[in-house]
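Same chain, two partners: subunit A is paired with subunit B first, then with subunit C.
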Partner chain A sequence: MTQSRTICVVLFLSLSIWTQSAFAASVSVPRSAEAGRTITISTDGSGVGHLYIVGPSGAVERTIQLGARISIPPDEISNAGHYTVFLITSTSTETADLDITSSPEAASLSFLARPSRLPVSLQKGVGGVAYIFDAYHNLVMQSQPVHFQLTLPNTAPEIHTVDSHQGVAWIQMDSSARAGNASFEAAVGKGTSLRVLQEVPGDACQLRMSARPVGDRLHVQTAPLRDCTGNLVADGTIVTFTEIYDGNRSTVDAPLKNGIAEADIPANRGAVITVAAGEVLGNQLRWNGGQ
Partner chain B sequence: MNRSTLFALFIAITTVGLVVVGTIWPVHTAQAMAGAGYSFNGSSEPQSAVTNLLAEVGSHDWNAAYESLANRSEFSEADFIHDLNGGYPSLRTYATLADFSVQPLHVLEDEGKFRVNLRWSSVVGVFQESRDLRVAKENGRWKVVWPLVAEQRVPPQVIPVNYLRWDVIYRGPGDDWAAQNVESPHVRIIDMRPIDRGNGVSILGEILNEDTVPAFVTVKSTLIGKDKEVLGTEDSFDKISHVLLPKQVSPFRIDFPNVALSQVDSVKMQPSSSLIAASADPVIEIENQKLSGAPHTSLTGELRNESGQIVNIMHVIGTFYDNRGQLLWVGDSYENRALLPNLPAKFSINVPVDIADKVATFRVVTSSYSSTLL
Partner chain C sequence: MGVTTKRRAKTIEQFAIVVCMLLCLAANTLADAAPQPLVQVDVPPSFGPRPLEDQTRDAVVRDYLKCWKTMSQALQENNLSVLDSAFTGIAKEKLAGVISQQQKANLTTSYRDGSHHLRFVFYSPEGLSIQLLDDAEYDVEVSDRGKTQAMRHVKARYVAVLTPTEVSWKVRILQADAGVEDNVTAKR
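Right, the complex of A and B next:
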């Protein structure tokens, strides 16, 4: 696309050589310039000429007085890349190369954090990749210190600083032993980006229940259910209470709330009641009428 | 006469012929459903009284049906409608009487008894109902004495519930490209077995939500033939509990009609899951689960809604295992009446005859649908 546009521009300019009258001219441009800086282009000769700057994402056109200095403001050429400068007069076409580089000053970043949900105490389970951009959304190629911070509520944040390489910085971190919503932040220069990672408890480690009569029913309830690192097992986890009595079975799938699952089941004297959560089996009760 | 004219003539003659046959020898129930023999004042024949009543029920002509009853002074028309249509929104509310049969049990000079089998058509299939109706002769006309089964009502009250609910904030269109979306729940098929059912292949299995968030799950299956050709692709449709809370397991069954297991070389399973805003409410207790014996083996029990929410549609899915713990069958049933808080309702899941004697254990799960929009 850029190539064909360049060819069109060159053809157009070649034609214009025959229609304009001027003296031979030359153009002088800096070999490279930072995005965000004013670019000054010098020409010599006299008469009128046309200046074209053709780059990766567009072209700039000026009708100029030869011999004058031309300033191109930062917002006209801000995308990093290779540009070609054409100076067209009635008698000649001069070209020059110009490289626009990204500013070394980081202004923003795009932050990829994976996964959005992971178990606690998982080694190198948290991954973060930061892409660093200058104020004109050019990837900052110069090395920059990027600060990664993983914070769980009421805990000291885990902070690491990583130097970027070719505009990218990345890190792998362990998930913490405590469950909760962790803030995962990447910061560079004035740019920060925040992601939320859900660090979730593991499977139940030990399961115990108790029973008490409530009216003509039996209220069964688990003790607070924790994983092997002491976190309350995730809310909503299904706990199944099963009562076997006289060859009949009654079951209730009850969700955990704040680590506790509870349900009402028939109060049958002599019934055997068991409890399970996933693959974890709990204790067994034989209901003898509360005696 | 060209071929298309002949064909048009053939269709016209056949249509006229069928209309004549249908008029002269009408199907009994169709005749009744169409309103033939309709009478406000009872019928001259005892069976006609029953047929007329059911025809009026079928056409939702509640007023005429109620007016034709012999014992209408014992209950109101609303009670009668609730008995047949359900007092709370349920499958029954939107079902239509597709068909019925009337079987005389005994008929005397001024009274009789008939067994009626009603086939209701609903969005999830047909459900049947059988009732014994007594007819009595009043002033020379036969009228039905309706055996009203008063639907249970929940007294007005406030039932506090504090169950969990999950909501999801998804990635939005304005988010930076790097902003990750919330991950889909991790689900896993923990058991799968294809079986030959004579008229097709069924894929039985169980799927586990091994995540800590609720999941909406579906299972798709593709049968691959001996020459690596695709024999068919189906999904579990309603033979699964679609919403799984953390660590919950649902059975599933995928049916492939008209495929023999001997044709199948391999089976490709595709479980999928997505996050869903869900509630842990209601909790349903399944009481007194029992496998009845042959010849009509079925798994029966009672459902008890332990929360305060009225469940409009209740789906019960049973998984049957042999003595080695291998999957034998996955069956299901729908309750056609709403499940009210703490009022037990019976359920029954039929077990195929050829499988019944191999069943050693079973597991029952429920899924419920509640909506004020129903």
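Right, the complex of A and C next:
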């Protein structure tokens, strides 16, 4: 009597385990897939289940027939990221991981060039940072050669190629010797991005002035003021003429126009006249009435 | 009689104020008691063209951890409006897209971050972007029409790019990617 009862219990348990396993669903998901590809998910079992593919990069829900293959088109999951796949049936919950990786083909870039205005011949003065994206705006993790090109009109471009690292490539370059609007371009794959940098002359290199009488005044004028690489110093730069006479000091500030600054000052015999632009001092004159 | 009533009213008012203060204190204590993720931060001695000041590092870590809270809230409530406080650019657009997908499917998800191992990998020369890797562990829970369906513990490596704004750093890129190279570790 006891034996037959035990056999019945064992049979019942075996049957229930067999039934559970017979109807339990399973899900088969590729461990990783590239963004832009259709994802195929296989399931086992029979009946109806709910499939959830969720992550901070996307969310998909499907009511599915167990045993069928499910295709998720690229437009539903195109963001690179880690996804968790849940297959929920009336009797079980199956889970799996799915990594969508960025495509190795660069399609666009986010290019930051700094500064927008800088003096010529400045060592490591130009900085560029490029973040590289695929067609789905995922950061491209695979290393990519990024071409940085700095070009001034009528000059040979300066080109450097830098391999990206974890989606970013950066460079520091010297500014050109000539002043002007420089094109700063970053290019990778099909993506290019252009920025314009204004390279302005540096500080005056040599400052010289001359003087001539005009009526009862003295007209002082600088020679064309250039930086150390020969560019005319920017218009508007202030040049200061100082006249020291009989212990008194008087100054006149004059802006540069086409590289030249000029001013009229009192013509005092024996006056000492000096000129300066920023930290650069020019020559000194003593006015002896035109001698 | 009138004086007694006024006194009683004042006593009740004072009592109410004390109760409010106690409630606020209790709420703060409970909020503080909420489990905080374990955080480990590595700053390699040389990882980019610009040195990282301690104050900047702390601010970036603080704002990055905040972004996880914000993301979880946004995806749990399908609430776009909270994203602005922590996200910008592509990261914000993509999260808005996820919220839209969840709304269409009547889903919500919640992310409880348990730990972050952060490594700074790039700080741009002009200081306008900073990149870090995060080996994160978190629990993801999915709910369908308000009913919790399932939960899973996840380990994933994230790459994040943050940019400074007026008062804080905001996440511009947040992407888990199995293809992220572990060069920081490899160098060691």
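Methods note: the second predicted complex is superposed on the first by the 206 of 291 C-alpha atoms of A that agree within 3 Å, B and C clash if a C-alpha of one lies under 4 Å from a C-alpha of the other, contacts with A are read in each partner's own complex, and residues count from 1 in each chain.
The definition used in the following text is that contacts are C-beta pairs under 8 Å (C-beta built on N, C-alpha and C of every residue); 3 or more make two chains touch, one makes a residue touch a chain.
Computed from a predicted model, the values in this text were never measured in an experiment.
> According to the stated criteria, A:Val48 is in contact with first (subunit B), second (subunit C), both, or neither; which is it?
A:Val48: touches no partner chain.
> Looking at the overlay, what does A:Ser193 touch: subunit B (first), subunit C (second), both, or neither?
A:Ser193: touches subunit B, not subunit C.
> Return first, second, both or neither, reflecting whether A:Thr237 touches subunit B, subunit C, both chains, or no partner chain.
It touches subunit B, and subunit C stays clear.
> Once chain A of both complexes is superposed, is A:Ala223 in touch with subunit B (first), subunit C (second), both, or neither?
In the superposition, A:Ala223 contacts neither subunit B nor subunit C.
> Scan A:Thr251 for contacts with subunit B and subunit C and give back first, second, both or neither.
First partner only, subunit B.
> Go through the superposed model and pick first if A:Tyr131 touches only subunit B, second if only subunit C, both, or neither.
A:Tyr131: touches subunit B and subunit C.
> Let me test your reading of the model: by the given contact rule, A:Asp264 touches which partner, first (subunit B), second (subunit C), both or neither?
Only subunit B; A:Asp264 stays clear of subunit C.
> With both complexes superposed on chain A, which partner does A:Leu112 reach: first (subunit B), second (subunit C), both or neither?
Touch status of A:Leu112: both partners.
> Where does A:Cys205 make contact in the superposed view: on subunit B (first), on subunit C (second), on both, or on neither?
Neither: A:Cys205 stays clear of subunit B and subunit C.
> Based on the A-chain superposition described above, do subunit B and subunit C contact any of the same residues on subunit A, and if so which?
Residues common to the subunit A contacts of subunit C and of subunit B are 112, 114-115, 131, listed in rising order.
> Flag every residue of subunit A that touches subunit B in the complex, lowest number first.
Answer in residue numbers: 110-117, 131, 193, 195, 198, 200-201, 203, 234-238, 247-255, 257, 263-266, 277-278.
> Which positions of subunit C touch subunit A when the two form their complex?
Residues 48-49, 71, 75, 90, 93-95, 97-98, 101-102, 105-107, 109, 111, 121-122, 124-126, 128-129, 131, 133, 140, 142, 144, 149-150, 152, 154, 156, 159, 161, 173-181, 183 of subunit C touch subunit A in their complex.
> Going by the contact rule set out above, which residues of subunit B touch subunit A in the complex?
Listed in rising order, the residues of subunit B that touch subunit A are 162-164, 166, 176-183, 211-214, 245-248, 280, 283-290, 301, 306, 363-365.
> Quick one: in the complex, what on subunit A touches subunit C?
Against subunit C, the touching part of subunit A is residues 32, 50, 52, 54-61, 76, 79-82, 84, 86, 88, 93, 95, 97, 99, 101-102, 112, 114-115, 127, 129, 131, 133, 137-139, 141-142, 165-168, 170, 172.
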